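Structure below; questions to follow.
Labels run A, B, C, D, E and F following the written order; every chain starts at residue 1.
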Amino acid sequence: MRFDEAYSGNVFIGSHPNFEESEAVIYGMPMDWTVSYRPGSRFGPARIREVSIGLEEYSPYLDRELKDIRYFDAGDIPLPFGNASRSLELIEQFVKKVLDAGKFPLGLGGEHLVSWPVMKAVYEYYPDLAVIHMDAHTDLREHYEGEPLSHATPIRKVADLIGPTNVFSFGIRSGMKEEFEWAKENGMYIAKFEVLEPLRSVLPKLAGRPVYVTIDIDVLDPAHAPGTGTVDAGGITSKELLSAIHEIARSDVHVVGADLVEVAPIYDHSEQTANTASKLVREMLLGWVAK
Amino acid sequence: MRFDEAYSGNVFIGSHPNFEESEAVIYGMPMDWTVSYRPGSRFGPARIREVSIGLEEYSPYLDRELKDIRYFDAGDIPLPFGNASRSLELIEQFVKKVLDAGKFPLGLGGEHLVSWPVMKAVYEYYPDLAVIHMDAHTDLREHYEGEPLSHATPIRKVADLIGPTNVFSFGIRSGMKEEFEWAKENGMYIAKFEVLEPLRSVLPKLAGRPVYVTIDIDVLDPAHAPGTGTVDAGGITSKELLSAIHEIARSDVHVVGADLVEVAPIYDHSEQTANTASKLVREMLLGWVAK
Amino acid sequence: MRFDEAYSGNVFIGSHPNFEESEAVIYGMPMDWTVSYRPGSRFGPARIREVSIGLEEYSPYLDRELKDIRYFDAGDIPLPFGNASRSLELIEQFVKKVLDAGKFPLGLGGEHLVSWPVMKAVYEYYPDLAVIHMDAHTDLREHYEGEPLSHATPIRKVADLIGPTNVFSFGIRSGMKEEFEWAKENGMYIAKFEVLEPLRSVLPKLAGRPVYVTIDIDVLDPAHAPGTGTVDAGGITSKELLSAIHEIARSDVHVVGADLVEVAPIYDHSEQTANTASKLVREMLLGWVAK
Amino acid sequence: MRFDEAYSGNVFIGSHPNFEESEAVIYGMPMDWTVSYRPGSRFGPARIREVSIGLEEYSPYLDRELKDIRYFDAGDIPLPFGNASRSLELIEQFVKKVLDAGKFPLGLGGEHLVSWPVMKAVYEYYPDLAVIHMDAHTDLREHYEGEPLSHATPIRKVADLIGPTNVFSFGIRSGMKEEFEWAKENGMYIAKFEVLEPLRSVLPKLAGRPVYVTIDIDVLDPAHAPGTGTVDAGGITSKELLSAIHEIARSDVHVVGADLVEVAPIYDHSEQTANTASKLVREMLLGWVAK
Amino acid sequence: MRFDEAYSGNVFIGSHPNFEESEAVIYGMPMDWTVSYRPGSRFGPARIREVSIGLEEYSPYLDRELKDIRYFDAGDIPLPFGNASRSLELIEQFVKKVLDAGKFPLGLGGEHLVSWPVMKAVYEYYPDLAVIHMDAHTDLREHYEGEPLSHATPIRKVADLIGPTNVFSFGIRSGMKEEFEWAKENGMYIAKFEVLEPLRSVLPKLAGRPVYVTIDIDVLDPAHAPGTGTVDAGGITSKELLSAIHEIARSDVHVVGADLVEVAPIYDHSEQTANTASKLVREMLLGWVAK
Amino acid sequence: MRFDEAYSGNVFIGSHPNFEESEAVIYGMPMDWTVSYRPGSRFGPARIREVSIGLEEYSPYLDRELKDIRYFDAGDIPLPFGNASRSLELIEQFVKKVLDAGKFPLGLGGEHLVSWPVMKAVYEYYPDLAVIHMDAHTDLREHYEGEPLSHATPIRKVADLIGPTNVFSFGIRSGMKEEFEWAKENGMYIAKFEVLEPLRSVLPKLAGRPVYVTIDIDVLDPAHAPGTGTVDAGGITSKELLSAIHEIARSDVHVVGADLVEVAPIYDHSEQTANTASKLVREMLLGWVAK
């Protein structure tokens, strides 16, 4: 007697009803408590699902359909409001279960700090892991006003864990001087301002390696993603970001997990940001999981 | 592996997962194609569910908790866009199933025309049916610019079906002169502008009878429900509407079904209308079903 | 080949196409250049017309229909941006033409200063004129930061012209101490906070006299009129303001002109303020012109 | 006594008051009842007119002024809410009158289905007609959930009528797999993702032929047109769309009619979409009618 | 060379530039990290100051002017994002300084949890302290999903500290059944739904006692305060809340500190909530400090 | 006892507290009374400051930090509402003081007319002055509907003052035919539609000369700056505008003053326009003052 959930936008369009039979798992990480500017990304995952009903299930970019793969939408991980460390633990536990079951984790944020426990869990499975990071911000601080668990620190944490030379950042246009210097001194790759061209030069070097891709929606220009916490002019277009996803799909890297974070619906009356995010998720599924 | 649906706002808070074991059924009727002014109520039911996570499950008005009753949230009935007559058929079929199973139908609109097939179905079960109608508008037209299936006609249709003397309208502040005259000539009760006082005088007369209650959210003043198609100044407060629900709960009428329609989220940036609707639904469940 | 203008919201609903044959004239005064806080009321008149298509033409309050009277909608008076004195001259000239033709002027603002040239013109025709003023603000300053032509001065100007004892303010909840003192010392009537009760006591004293009524939409509480320049908590409801209009309609005063000012659509996403204004205009037409 | 209509945004800026003396006719088709996602384009034509007062009448792109041509703004065709088939008939009748009078029809939508009766009428006059279609979506479905009269079908309908090889789509980035395959199998031209370059290669082949141009505003990226029903990332810029209009203007095709559809103002708080649409209309008038 | 700060809305209108010479201190507590529903109140204090420039400095309710008292605006206390316990410590330290200096603390929130350290500090100075609490919510949980530092717990904490019989809640319309029961069992006063009448009966009992007043803006109906995290229908009007402030001002209690919390500007496009809050602050200053 | 002002967004981030010790002075010119379309830019300067707290103080474009230079934020110049000529006098007086003190004036608007008195003052100091003007609009009218002090005239005024051959406009896409012709006839440089390429060809010709740069935020496409009075499709991206600022920084011109005008926050719910403006201001400070 229950009508199709996808119809009401309760799950991402085209989701498979069964966890076990799925190749990938979509899950939300509705946490935004450490952000220093505008909160609200806790509602990102739910809104991305809701607007996904406006999507076609076919990608004319990749000539593939969502029905070609099976993915389960696990909903949002229940996280304790205002408790960052416990939230990160719960995320890590969940992702380990996904990985234990041999499935591709595709996470939706939430603030960028949620990527940290995911990458930690993925690294345990793939010691040769490389991270591709698309973002407006370096996120390379050691701590933010004394706090190591902050939305400004996740990339630094993963760089410390897997080695800075295994982290590749693209589209960066904001950060402290010290963060850029740290990256330089430690051999971490940062492509300032641009994504597509530098990505084309980096991908061949990563051929054959397991790669985790973390995308902060604010790598897009505010024109293309007004619904995010920290809008920062001078970003790339949604066309370029789609091309970057397709470039990775066509490369020889082995994408083993991914996330899309920092969609904060309240700042975007037109809901273009959530709609764009849902299209990006479709292309990530079709390009990276179905491969 | 699926997290609690209620957490993500996928179903109305506190819903029972099983249709058969439930006493009541919540269902959405996402139709807005015959409205003459501002469309958008097709998204009302989904948004009401989504914001219901902000509700407490206890009512200090009725001193009852949602866990005291069992209700199933069936999601939105899939309706064919732009096809009013087929949509109404589908709604009627669904409601008949709910009634056949002996459950209380609690519908969410959508435009007010969706109440018509519901009332038709309920009338088949309860030939002695009376209708309590709270609304800013008479909705008593025979047709709207030649079209009998219109958001301006549902109360006329039910009055023609069950007899005008069995229909009781409250809070009415808008309509054509002919509609008011038709009501007067045919013995239909209309309380202009006010709800609570006239309701107190009408309820005793309906004691023991089966009653269907249809509430158009625009019976509220635009200050209390900006998120609706046709805002009309001079309405009642949300406090008064809550009291009206409680007045019915305390009366001797036998509520056999109900709906709340015309929530159009896009016109209300603060989402107060959807939040108010979700609270009204809670009180309707606790006051009318649990009785 | 031109479709009915009213359909597209180009003129106030039900307007008569011909100036000469009309009893009343609606006209916009799209000026907001002297406001000290939030501008935008220049777009008020156009938006009030646009949303008037959502109105019924019948008033269940007055049991009258718009077709019972004839009113012409003259559109917006073209005013030179940023030039207050010239704008006021143009308004005064226009209103004189309306009065010369023996018609009832019903103006839409625009900032409150636009009422000043109108009242000046009306006073020439009616030396026994009294003014009924509903507003959150006293508007009794002699000048605002040195500027006598300011949105804060129109009531003082008219009080100086027709004598303070002929001006009656209602609903006032904001002003400088000096303004309240000036009113007291000069015998001008001010009803603080409330409108309906004091109006009932004042109206009999004005029986038989020509009265101009100027309504600043911010006499309503912000809940009922968020779309205005200066929102000020503690105001009356739209229900009370409707009652005040009806109270005047049923009294023995002779309303000879009126205006409704300070609707600023950009601050009201739901457009409830413009919709409420259009309903107020309907009741003013039916209650004051048709009498 | 009526002030210039254009001043209040009642008609498109610079419109000629007389139908007979005009070379082109602007008309609105305020229908949105078959859309499957977000309704609201019924208010598109009115808002485009309203904001046209912000336009300069001179085009520095084409070095032409609106006064160089004469166009009549017929307002919005009154359409019966929720009745698609009757609405399409009324549109067709109107456009035939425009064509009978030898004038250029320039329609404003409304959902894309409104283009279907227009193109049908134009085809009767020009049996050699070709259609240039700019859109994010294929709109090539035979029916949508069983319904042949749907916003998803107009291009398929015209392709069936005039032959698929006479239809040229540009900027397409969304559709079902079957739609793309149908186009391919039937020789219909589809330029995926891009507009300007493919248009430059197609236009010479259409030299001398009568062409109808239908533009869905969602061919623009959501960044440039957030105010539409279905926002879809990866679109073109407004600069590119302007260039496409100019490219057609400079080509040897004979534009015999055009439309711009799917502007839904409620989703765009800044009103940039309606403003952009009004500029596009100016360029269409100056580039295609004046030629 | 620096222009008057108040002009730009940098400090609350009429603030005194000097801490030492002031009788009261306004300070912001921009924390929202433990909220379970919609965040954003961290921006409340700044927006309340910004819109205060729209206020008159005279209160016609109290016949007093802001210049009659001296208050210093200390700005927002810098709080570490996402770290609740450290934030509360910093607030407590600051308020102690204010109290040590013999000044009246008037705090602006921020989520309601910020009131807890303030009340703790005030209690140290006034062992006979009573608390008047106006709110939609009980806030009486011991913990929220295991977390004792939560926006749902501050009133319980203060009740545990100063004794439940010294806490008086008004306007409560939401909470868990257990919270209402706990209050009843422990002799804590809760006035459900209403504020003014119960306040009038409670105030005489508190005559002569030091009282801290904490106001959650959501005690207002969503119509009057849409800009808050958790909107809950059935609340009081801004007129009633103003009257409650004046009732306390006229009573014999000794107000020794106060706060106004939970203004979240992003949910209120019209900014009526922040404007209302700034008016409430003016009346609190004039009624409670100036006494 | 006052917390860091920059924390609350009261001054532009990183401002120096002392006028005398600063090299540059930021000041707001909150005037919008002569605009012909949408007002609201009076609130631009305050909002730009407020959101500047979201900025990093380091520019990865210029590899410089805000602490490398000293700039004082003077707040907004108090201007008399609705009095354009007096407002312009006050601006001119202020800027003269800044220049007398040997500091770089960096003004924030407000409507574009505010640039006129600034350029007049700067020209007195630099008789060899050239003006670089980036804008969607020519602003070359002699008067607007008879009014020489209009937002449509500032560039004409400065061209008349310093000679048309010393004025260089970029990105222009809107204006009257007569304006373009006047420019052509008088040897004034206008780059239509584009900014970066033409700027690269003009800058060498200005080597060594003192240059004032005035940027109207609407030179950006509406996608990148929806929050402005007159949105006009076909503009440049924020990336291009940033590059233009850097191009000037790297050139041999001597920037002696600058402004950024026409940010109108109310039209941009996401606040991307104000955020972008604050980033532009940072780059202007780092690129032009620090040089």
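To be clear about the criterion, a contact is a pair of C-beta atoms (placed from the backbone, for glycine too) under 8 Å apart; a residue touches a chain by one contact, two chains touch by 3 or more.
Owing to the predicted nature of the structure, the values given are computational and were not obtained by experimental measurement.
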**Prompt:** In this assembly, which chains make contact with chain A and also with chain C?
**Reply:** B, D, E, F
**Item:** Third chains touching both chain F and chain B
**Value:** A, C, D, E
**Complete:** Rounded to the nearest 5 degrees, the rotation mapping the CA atoms of chain C onto those of chain D is 180
**Prompt:** Between chain F and chain A, is it the same set of residue numbers doing the touching on each side, over half shared, or a different set?
**Reply:** different
**Asked** When the C-alpha atoms of chain D and chain F are each averaged to a single point, how far apart are the two points in Å?
**Response** 37
**Item:** Separation of chain B from chain D, taking each centre as the mean of its C-alpha atoms, in whole Å
**Value:** 39
**Request:** Going through chain C residue by residue, note those that touch at least 2 other chains and give them in order.
**Result:** 38, 221, 223-224, 267, 269
**Request:** Select the category (line, ring, star, complete, other) that matches the graph of chains linked by touching.
**Result:** other
**Request:** Could you list each pair of chains that touch one another?
**Result:** A-B, A-D, A-E, A-F, B-C, B-D, B-E, C-D, C-E, C-F, D-F, E-F
**Request:** Mind listing the chain F positions that touch chain A in their complex?
**Result:** 53-54, 56-58, 60-61, 63, 65, 221, 223-224, 237-239, 242, 269-272, 275-276, 279-280
**Prompt:** chain C touches which residues of chain D in the complex?
**Reply:** 1-5, 7-11, 19, 25, 28, 45-46, 49-50, 72, 74-78, 97, 269
**Item:** List of chain D residues in touch with chain B within their complex
**Value:** 32-36, 38-40, 42-43, 80-84, 144-147, 149-150, 266-267
**Prompt:** Can you list the residues on chain E that touch chain B in the complex?
**Reply:** 37-38, 172-177, 180, 192-193, 221-224, 226-227, 230-235, 267-269
